[in-house]
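Just passing along the structure, written as structure tokens.
Labels for the chains are A, B and C, by order of writing; each one numbers its residues from 1.
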Amino acid sequence: MAHQEMLRLRTSRRGMMEITPQVMEIVKRSQIKTGLAHIFVRHTSCSLLVTENADPDVLRDLETLACRWAPDGDPAYAHDLEGDDDMAAHGRSVLTDTSVTIPFGDGRLLLGSWQGIFLWEHRTQGHSREVIVTLMG
Amino acid sequence: MAHQEMLRLRTSRRGMMEITPQVMEIVKRSQIKTGLAHIFVRHTSCSLLVTENADPDVLRDLETLACRWAPDGDPAYAHDLEGDDDMAAHGRSVLTDTSVTIPFGDGRLLLGSWQGIFLWEHRTQGHSREVIVTLMG
Amino acid sequence: MAHQEMLRLRTSRRGMMEITPQVMEIVKRSQIKTGLAHIFVRHTSCSLLVTENADPDVLRDLETLACRWAPDGDPAYAHDLEGDDDMAAHGRSVLTDTSVTIPFGDGRLLLGSWQGIFLWEHRTQGHSREVIVTLMG
């Protein structure tokens, strides 16, 4: 059995936005008890990840690391049509994930105590983002 | 319902090869309407990714970044049996993905306008690559 | 059809532990013939990956690379509650995967000849780790 919904989200700037509650809500609404929740962004300059949702310093430090992994405005980039953060955003997207898949059982996401699902906006300005959630059970 | 097929691909050298059309074709042939398309490489020196398929400069710049993330012939590597690109290829594979999963609905892949599915050959020479596509719906 | 089990593992220190045999056993026990095996860690300081299981030097070299990707005790980190390896572990987790998905057919995992599934402990000391395996077929 497959259940599919689209979430439309608005990011405000570069950084992470937790979307765990929205995914939980979809699992509940589907009435599927056991299976997998697949979450997918239809973009190449933002991404999804599962990381710690307790200490906001973790999110800040991940931002610090990402700025090293794919620096903004690197002189080696050929692709800079939309500014210094354009190619950096694609690089950061490739290093993280276009989709994440979370198991659920007894109608509940089986995340660990400290895990949250995040949309990571990699562009410096906010954008409208489409996320497709597909549950299989 | 599960539908499974193997694609046999021949890469010509290090770089990305778009495989979106082949995956679309399998979704069509399966006659499954809604679900997930999972694509998996049976290798540890090439990988899969979803990234921009409009400007070829993006692919070139990702190559530039990957050469920094896991440099060829790094003196710190112990594993160099097959040459300078051997361990670099494993490192690049670990940073990207052995598999990608794409949702489909109404019999069509739900990729965004600028997204394509790519096989990334990380060895400097071309290889024969096996890719398993599994559709669940 | 969904089949779900939890594995409880004990890591001994930073490094990789192969879990392919445990996953194979679950596929066998499920009696599902064709589908996807999804493996998920309920933690943000260890991760999963598929990489070469023949030469242990590959695992050692991946450790070397990971220490560059997210260095221990970096002065830029704000999050260091649990020591020098705390934020590094989150960074390494984000660069690799909280879950991996492997296709199976005819009751067997369709891994390539050199592929193994590994749990990567990113903390310097060992921990108890919960892994959820969900089979869909």
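Just so it is clear, contacts are C-beta pairs under 8 Å (C-beta built on N, C-alpha and C of every residue); 3 or more make two chains touch, one makes a residue touch a chain.
The model shown is predicted, which means the values in this text are computed figures rather than measured ones.
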Rigid-body rotation angle, subunit B and subunit A, from Cα fit (steps of 5°): 120
Interface sides of subunit A and subunit C: same vs different residues, half threshold: different
Cα-centroid distance, subunit A relative to subunit C, in whole angstrom: 20
For subunit C, residues contacting two or more additional chains: 69, 95, 97, 101, 136
Parts of subunit A lying in touch with subunit C, wherever the complex brings them together: 34-36, 49-52, 55, 57-58, 60-62, 64-65, 69, 95-97, 100-103, 105, 110-115, 136-137
Interfacial residue positions of subunit B with respect to subunit C in the complex: 2, 4, 38, 40-44, 69-70, 76-79, 81, 87, 90-91, 93-95, 97-99, 101, 130, 132, 134, 136
